[in-house]
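Scrolling down, you'll hit the structures one after another.
Look at the two complexes coming up: chain A is in both, with chain B in one and chain C in the other.
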Partner chain A sequence: MLKFILRRIGASALVLLGASLLMFFLTINSGDPLKDLRESNDPNREQLMAERSERLRLDDSPWERYWDWLSGVGGCFTGNCDLGVTINGIDVLGLTQQAASSTLRLITLSTLLAIVVGVALGILTAIRQYSGFDYTVTFGAFLFFSLPVFWAATLLKEFAAIQYNNWIAVGQYAPWTIVLVAALAGFLLQAVLGGSTRRRLATAAGVFAFVAVMLFVFNALDWWRNPMFGIGGVLLVSAAAGVLVTALTAGLRNRRVLYAALTTAVVGVIAYWFTAPLLVDEPTWLLLIGLFVVAVVVSVAIGAAWGGYARKQAMLVTGITGVITSFVVVADILIAHWSDFLGLKSRPISTIGSQTPNFDGEFWERVLDMGTQILLPTILPTLVSVATHSRYTRSSMLETLNQDYVRTARSKGLSEREVIVKHAFRNALIPITTIVAFDFAALIGGAIITEEVFGWTGMGALFQDGLNAVDPAPVMAFFLVTGIAAVLMNLLADIAYAALDPRIRR
Partner chain B sequence: MKIRRLSAAVAVAATGALLFSACTSPAGSDDPADGESTASSAEADGPCKADIGEVETADGEIKVSVEDEFLGYNSLTPETYSTYNSAVTERLISTFYYFGVDGTICPDESYGTYKALSEDPLQVEYTLNDEAAWSDGVPVTYADYMLDWAARAITTDGEVTEDGTEKPLFNHIDGLSLGDYVPEGPQADSVDAKTFTYDYERVYADWKIHSYPPFPAHIVAEQAGVSTEELVTAIQDRDMAVLEKAAKFWNEGWLSQPGQVPDPAITPVTGPYNFKADGWEAGQYITLEANPEYWGTPAATKELTFRFVGADAQIQALANGDLDVIQPNGPTVDTVTQLEQLGDAVSVDTDQGLTWEHLDFNFGSGVFSESLEAREAFAHCVPRQKIVDDLIKPIAPEATIMNAREVFPFQDGYEELVEGSYDGRYDEADLDAAKEKFEAAGLEEGEEIRIGYAAPNPRRAAQVEAIKSSCDQVGFEIVDAAAPDFFDKALPNGDYEVAMFAWAGSGQIASGENIYSTPGTQNYGGYSDETVDEAWKTLASSTDEAVHTEQLVIIEKQLWDTLYGIPLFAHPGVIASSSDLQNVRNTATQNGVMWNAEQWARAAS
Partner chain C sequence: MNDIRNSNPGGEDYEPQVSVAGTDAVGLAAGGSAAPLPGEDKSYSQGQLVARRFFRHRGALTAMIVLGIVIVVAFTSIGVGPIPGWWPKDYTLQYDKIGDGAPTWAYPFGQDTGGKDYFALVMRGTQFSIIIAFAVGIISTVVGTVIGALAGFYRGWLEAVLMRMTDVFIVIPLLAVAAVLGRMAGESGIWGLAFVLGLVTWTSLARLVRGEVLSLRERDFVLAAQAVGTSAWRIITRHVLPNAIGVVIVSATLSISTAILLETSLSFLGFGVQAPDTSLGTLINEYQSAFSTRPWLFWWPGLMILTIALCVNFIGDGLRDAFDPRQNRTKD
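What follows is the complex of A and B.
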C-alpha cells in the first residue's frame, strides 16, 4: 500500500511539474501586460513601461522566469517559500494563504454537504425507483445541474437574502404560507416513505398536521425571532439520531448497540449541562475543538464498554452519535444566540462578503455572522454537486441492486436494511468515490464564479486578477493550490478504494 | 492620464484613470458619471462641494463599493496607482484642490490657497493653512513639498531632470514632470515655512493642477535616519546617500499586505478620515474612521467602509443594505432597470461622465487619408443621434450627442464652443448628402471600411452595426474589425480606416495637444494641420483663460472642417444610494461617487 501511495505521489509530482510549465507559458502569453500603458498618452509613458517591464521581468527569457518561480516554490520544502510578488508589489504567499483559507472553507463545507445529501438522495431514489419521489428528485437534479450559477445566485440572493431579511424583521408566517409549507412537507415525506395508498395518506396527513401546528406555535411564540431549543430538545434530537444511526448500521434488534447509542446521547446532554457555562460565555476555538475530541473519545469508549460481541459496530454507532450530539449542542447554543444576533444585525443574511465589516459581537454571534455569510455561497455549489452526486449514486446503486449476489442475500433472508446498507451500498460507493474526488477539484474552479457573485475574495479572484494583468505569480499560486488539491483528493480516492474494495488491498 | 485596470472582473474595462494627473487616454468603454445632488440637506449650487454648514461627526457607518483591494498608503507609485486605491487615499490626504462634479478645479481652502504671482514667467505661490497638520501633530510645511518635488524631479544620477525622460529616483507615477518645469524646486524662507513658491522655467498652462497630495517628509526623514531639516538639505544638495534611503522607503515602505492596517506611526494623514485599527479584512473591506485631528470641516459620519465588490453583485447588496452607496462599473440598461425596480428605498442618479467615445480617421493610409470628401461622406452617414438614442439614452436619459472634443456637453462654455465651430450638419445621418460626397470623392460602390476597436465590447459592436446599416446604403462596405489587441497591433500598424475608442476625461487644458497636433504622441491617425498646431502652441504657452477659450474655438472648428474624426457621446454612468443618506452626489470625474464622502450623513429617522 505504501509503495502504491508513494508511486502515486511521484507520478502526481511529475504531472504537476509538467502542468506548471504549461500553465506558466500559457499565462505569460495570454495577453499584453503593458496593454493599459500602450493606450495611455502619459508624457512619461515610456518610463512607466520600462518600469513595469523591469518589475515583471518581461525582458528576461521565459525559461529563466519559470526557473526562478520553480526554485521559489522549491524553497517551500526548506522552509522559505517564495511565490513571487503580484503586479501591485504584494507578496503572493500571503495572498495565497488568505485566498486559500477562504475558498477551502467554502468548498470543503459544500463538498461535505453535497456528499451527504447527494448520496442519501441517490440511495433513496434508487430504492424508490420510478416513484413520484424519484421523478421529483430526478427533475430537481437535472434542473440544478443545468443551472447557470450567475442566474441562480441572483435568485438565491433575492429570495434567501433580501426577501428573508424583510420577512425576519417581523418573523411571522401568514396562515396560507403555513398551509402551503405543511402540505409540501406532507407530500414529500409520503413520497419518500412510500407504502400503500392508505399508508401514504396517513403519513401525509400526520406530517401536515404536525408541521402546521408547529408553525402556528412558532408564530405564537415569535420563535423565528426568539428561537429556543433547550436541553430537552438536544436530548430528543440526539437520542433520535442515535436510534437512526443504529437502525441504519446495526439494526434496532441489536439491543447492545441501541443502548450504547442512547447512553451516548444521554451522557452528551449531561456533559452539555456541566460544560454549558464554559461553552455559552466566551469560549475559544481551541476549547471547542478540545471538547469535541473529548466527546468523540468518550462516545467511542461508551461503545466499547457496551459493545460485547458487537463491539466494533457499537463503537462506530456511538462515535457517530457522539459527533451528532456535539453538533446538536452547538446548534442549541447558536439558536439561543439568534435573537441577540438579530439585535446586532437586523438583516442577518448578506448578499456579499465573508463577514460583516466591523462586526463586534461575542464569540457565538461572530460564529452566527460567519455562518449566515457562508450560507448562500455554500448552497449554490452544493446544489450543483448534489445533482451530480445523487444521479451517480442512483445509477450505481441500481446497478448493484440488480446484481446476483444481492438477490442471493435477499433470498437467504437478510433484512432489507442489511441488503442495502451492507451489501449494495458499500459496493455502490466505489465509483462514487472517483466522482467526488474529481468534483472537489472542479468545485475550486467553479468557485471562481461563486466567489465573484458573492463578493467573496478567494482563489478565484487571485486567478482572475492575475490573468487579467498577465501577471504569472498569482495565477501560478492558484494553480499550485488547485493542482495539489486535485492530486491529494485523487490520492484520497485511491486510498478510499482500498478501504471499500478488498480486491484492491494487497 | 494613466490607466490601470486592476479588476477586469468586469470585462468591459474600467477607466482606472485619475484626474489629478490628468492627461487623456483611450479608455475601454465605461466609467463613472456625473450628476446632480440626490436628496441633500444642502442643495449644491455649482460644481464644488456644497457648504453643509456646521458638522458634528455622527456615529454610524456608511458602506460604499469599490471594485478592488486596497493596496497601500502611497497611491502614487505605478504598483498602487488605481482609482480604487485613490478612492481610499483621497479621504486620507488633503491637497490644494479637488475636481468638482463637472471637472471644475475647486480649491480646498481649508488646506491652503495658491495663486499665480506672475504669468510670464510663471510664478505660483502656495500658502498652507496654519492649522494644516499631520495627524501625529507635525505641521504640513514646505519640507513636505520639498519631498514631493524631489519625488518628481530627481533622477537616479542624483541630478534634476533635464527633459523628464531620465530614470527617476523615486517611483512616482507622474515621472519627472515637476522637475522638468520647476528645476529649482519650491522656494521658501525656512524648512517649516507655510508659504512657498514654484518658479516655472517655462509657462505651464495647467499649473492649477500641478500639485500632488504630499507625503510626510518627517516620516521619510526618520526612516532615512536623518532629521527633516537634513532631508531638505539633502534634497537641495542632492545628497544621494540620504536620498536613496528616502526613495527606497517612499517606493516600498508604504506598501501593505492585504488585511494589515498600516502602522499609524508611519502613515499620518491630513484628511477628514484616518485608518481604523483592525479595520481591514483582506479581500473584504477597509474601514476608515473620522480623523479627530482634522482641522477643517469634520467628517459627517464616523465610519466609512469600502467593501470590495464586483459590479454585478452591487445592486442586490444595495437592496439588502450590505452597501449604502454603489457605483457599478460599466452600467448597462439592465443596471438602470434593476435599480429603478428597487423603488423609493434607493436614489438613483444617471448622467454622463468625463470619458467620451469617438471615431478617428486613419490619415496614414487608406481611402480617408487623402480625401476630405470621403471623410465627409462617412461623417454624413454615421447615425450619431440614433446611436445616442438607442444605446446611451436608455441608461442616461438626458444624454446628448457630443459636438466638441475638448469640452463636455455638461460643462461651462460648451454651447459657445460648439456655436463657433460646428453647424450641426452631422447630427443626423443624411444619406443624400453622403451619397453626393461619396461620388464627389470618386469612390466606388463597396468601398471597404474597417472600423477597429478593442474587443470584446458589446456596445461598440452595436455602434458598428448601426453605422453599417446606414453607411452601407451609401456605398461603403463597413467591416467590424474588432480585435483584443487593437491598440497593440492594428492601431500602431495603421490596419484600419476608422478607429473607435474613448478618451478618459481631462482636467488639463493642454493635454489635447498630444492628440491633435503634429507629431503628437497620441495622434495615432497621423493627422496634421498647421492651423491646429499653431493654435495648440498658443494655448499651451498661455495661462490666460480668454486665450484658451479663443484658441479652442479655432481648434475645434478646424477639426470639424477637416474632419479629424467624429465625436460621438460621453459615456453614461450610474450611482445609487440608500434614500436615507444625505449629500451623496454624483460626479463626472474619475474620483467617483466618494469624492465628497466626508459629507455623507444618514438622515435622522
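What follows is the complex of A and C.
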C-alpha cells in the first residue's frame, strides 16, 4: 500500500514538473511585458524599461529564468520559499498565501456541499429512474452544466442578493408567496417519495399544510428578522439526524445502534447547555475546534459503550451524529445572532468582496459576515458541481443496480435499504471518487471566473493580473497551488480506491 | 486509476457488436435508407438501431431541432462574409434610437447604447461562437482519437509517453491554459483561437478512446485480422475505431458544449475573441453593467449561450443512450 502511494506521488511529481515547464514557457511567450511602457510618453521611459527588464530578467534565457523559479520553489522543502516577485516588485509568496486561503475556503465549501447534495440526488434519481423527479433533476443538471457562470452570477447578484436585501428590510412573506412555496414543496416531496396516487396526494397535502402553517407562524413571530431555534430545536434536529443516519447505515431494527445515536444527540444537547456561556459570547477558533474534537471523541465513545455486538457500526453512527449535532449547535448560535447582525449590516448579503470593509462586530457577527460574503460565490460553483456529481452518481448507481450481485442480494431477501446502501452504493462509489477528485481541480480553475465576477482577491485575480502583465511569477504561483491541489486530490482518490476496492492494492 | 473508470468488466458479454467491423460505422449515416424486403422479418443494422433509439429520445430530438433553428437563423439572418442575409439591418451601423432602445418590432432584441441593432450583433456573436465551438469540437476529437488510439493499440513506451503528456495537460486547469493560449492567439482571429482551444480540450477523449481500444484490441476479430497479416494502420482504422465510434461521437458532442462555454468564458475575461471580432462572451462582458438599466442587452447573449449548450448536451445524452443498448429507455 505504501509502495503504491509512493509510486503515485513520484509519477505526480514528474507530471507537475512537466506541466510547470509548459506553463512557464507559454506564459513568458504570451505577450510583451514591456508593451505599456513602449507606448507611454514618460520622459524616463528607457530607465523604467531597463528596470523592468532587470526585475523580470528579460535578458536572460528562458531556461535560466525557469531554473531560477524552480530552485526558488525547491527552497520550500528546506524552509525558505521564494516564488519570485511580481512585475511591480511585490513578493509573490505573501500574495499567494493570502489568495490561496480565500480561494481554498470558497472551493472547499463548494466541494463539500456539492458532494453531499450531488451524491444524494444521484442515488435518489437512480432509484426512481424515469420518474417525474428523475426527469426534473436530469433537466436541472443539464441546465446547470450549460450555464455560463459569468452570466448566471450577475443574475444571482440581482435576484438572490439585491432582492433579498430589499425583502429582509421588511421580512414578511405575502400570503400568495406562502401558498406557492408550500405547493412547490408538496409537489417536490411527493415526486421524491413516490408511491401510489393516493399516497402521493396524501404526502403532497401533508407537506403543503405543514409548510404553509410554519410560514404563517414565522410571519407572525417576525422570524426572518429575529430567527430563533432554541435548545428544543437543536435536540429535535440532532435526534432526527441520528435516526436518519441509523436508518441509512445499520437499519432501525438494530436497536442498540439507534439508542446509541439518540444518546449522542441528548448528550450533545446537554453539553451545549453547559458550555453555552463559553460559546455564545466571545469564543476563539481554538476553543471551537477543541470542543468539536471533544464532541467527536465523546460520541465515538458512546457508540463503543452502547455498541455490543454492533460496536463498529454504532461507533460510526454515533460519530456522524456527533458531528451533525455539533454543526446544529453552531447553526443555533449563528441563528440567534442574526438579528444583532442585521442591526450592524442592514443589507446582509453582499455582492462584492470577501469581507465587509470596516466591519466591526463580535466573534459570531464576524462569522456571519464571512458567511454572507461567501454565500453567493459558493452557490454557482456548487450548483455546477452538483449537476456533475448527480449525473455520474446516477449512471454509476444504475450500472451497479443492474449487476448480478444486486439481484442476488434482493433474491436472498435483504431489505431494499441494505441492497442499495451496502451492495449497490458501495460499488458505485469507485467511479464517483474519480469524478470528485477531477472536479476539485476544475473548480479551482473555475474560481478565476467566480472571483472576477464577485470581486474576490484570490488565486483567480492573481492569475488574471499576472497574465495581463505577462508576469510569470504570479501565474506560476497560481499553477503551483492548483496543480498541487489537483495532485493531492487525485492521491486521496487513489487511497480511497484502495480502501474501496482491494483489487487495486497492487 | 483511469483504467477503472474506462474499462468495463463484464461488459463484453452484453454488447451485441457486429463482428464484421467497419460496416456498422457508416450505418448511422445510411440509417433508414435500406428498406426491409417484403416477406422478411424486419432486421436492422447497428447504425439503424442507433438512429431509431436516438430519434425516440424526445429530449434529444427537440434539442436537435432547436439547435438547427438557431444555427440556420444565425447564419442566414445577417449572412456570412460577402453573402448578404435576409435581416435588413447591419450590425455595424448606428440607427436612430427608439426610446431607450428597448425591444420593439423593428428591433426585436432592442438596441445598444449607441443605437446599433442588437439582434444583428447577437447573431454575429452567435455565428462566431458556433464556428469556434464546432472547430474546437472537430480538432479536439481528431487529436484525442489519434492519441488515444495510438496509446491504446501500441501500448509500451508510446502509451507511457502519450498518457503522461495527457496528464500534464490535465494537471493545468483548463481555463488557465486556455487563457494563456487564447491570449497568444487572440490577434490571429477566431480561427487561431479555435485551433489553440482544440489543442487543450482533447484530454478526456484521449483517455476514453484509449480505454476502449485497450479492450477492443483483445477481441477475436482483431486477432483474426492480425493473423491474416493486416497492417496495424488498417486494423486501427477499419476494425478498432469503427467499434469505438459511439464513445467518440458522444464525446465529440460534449466537447462542443465544453468549447462554447470555454470560449465565452475566455472572451468574457478578455483572453478570447478580440475586437473587431465579437462573440457571445464579449457581448456579455461589454454590457454586464447595463443589467439594471438595459436588461435586454444582458439577457439575449446569455440565453443564446444557454440554449446552444443545453441543446448540445441533450443531443449528447440522446446519442449516449442510443449507442448503449444496455440502457434501454423505452420498454419494448
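As a convention for this text, the second predicted complex is superposed on the first by the 504 of 506 C-alpha atoms of A that agree within 3 Å, B and C clash if a C-alpha of one lies under 4 Å from a C-alpha of the other, contacts with A are read in each partner's own complex, and residues count from 1 in each chain.
The rule we apply is simple: a residue touches a chain if its C-beta (ideal position, glycine included) is under 8 Å from a C-beta of that chain, and two chains touch if they have at least 3 such contacts.
This structure is a prediction, so every number in the text was calculated from the model and none was measured.
When both complexes are overlaid on chain A, the residue A:Asn88 reaches chain B alone and has no touch with chain C.
In the overlay built on the shared chain, the residue A:Ala161 is in contact with chain B alone; chain C does not reach it. By the touch criterion defined above, A:Ala461 lies against chain B but remains apart from chain C after alignment on the C-alpha atoms of chain A.
Legend: residue contacts after superposition of the two complexes on their common chain; A:Asn427 is shown touching neither chain B nor chain C.
In the superposed model, A:Asn402 lies in contact with chain C only, and not with chain B. In the superposition on chain A, contact of A:Thr203 is made with neither chain B nor chain C.
Of the two partner chains placed around the shared chain by superposition, chain C is the only one that A:Ala441 touches, whereas chain B remains out of contact. Of the two partner chains placed around the shared chain by superposition, chain C is the only one that A:Ala486 touches, whereas chain B remains out of contact. Using the contact criterion defined above for the overlaid structures, shared-chain residue A:Thr450 touches neither chain B nor chain C, since it reaches no partner.
For the contact definition in use here, the residues of chain A common to its chain B contact set and its chain C contact set are 31, 150, 154, 158, 452, 464, 468.
Those residues of chain C that touch chain A in the shared complex are 1-2, 4-5, 164-165, 167-177, 179-181, 183-184, 257, 261, 264-265, 268-271, 281, 284-285, 288, 291-292, 298, 301-302, 305-306, 309-310, 312-314, 317, 326-327, 329.
Those residues of chain B that touch chain A in the shared complex are 1-9, 16, 21, 23-27, 61, 63, 68-69, 71, 77-80, 164-165, 167-168, 171, 173-177, 252, 255-259, 276, 279, 281-285, 287, 303, 305, 307-310, 312-313, 316-317, 319-323, 454, 484-485, 487-488, 501, 511, 514-515, 521-522. Those residues of chain A that touch chain C in the complex are listed here as 11, 14-16, 18-19, 22-23, 26-27, 29-31, 130, 142-143, 145-152, 154-155, 158, 398, 402, 430-431, 434, 441-442, 444-446, 448-449, 452, 463-464, 467-468, 475, 478-479, 482-483, 486-487, 490, 493-494, 497, 501, 504.
By the touch criterion stated above, chain A contacts chain B in their complex at residues 31-32, 35-48, 50-52, 55, 87-91, 94-95, 98-99, 102, 150, 154, 157-158, 161-162, 165, 347, 349-355, 357-358, 452-458, 461, 464-465, 468-469.
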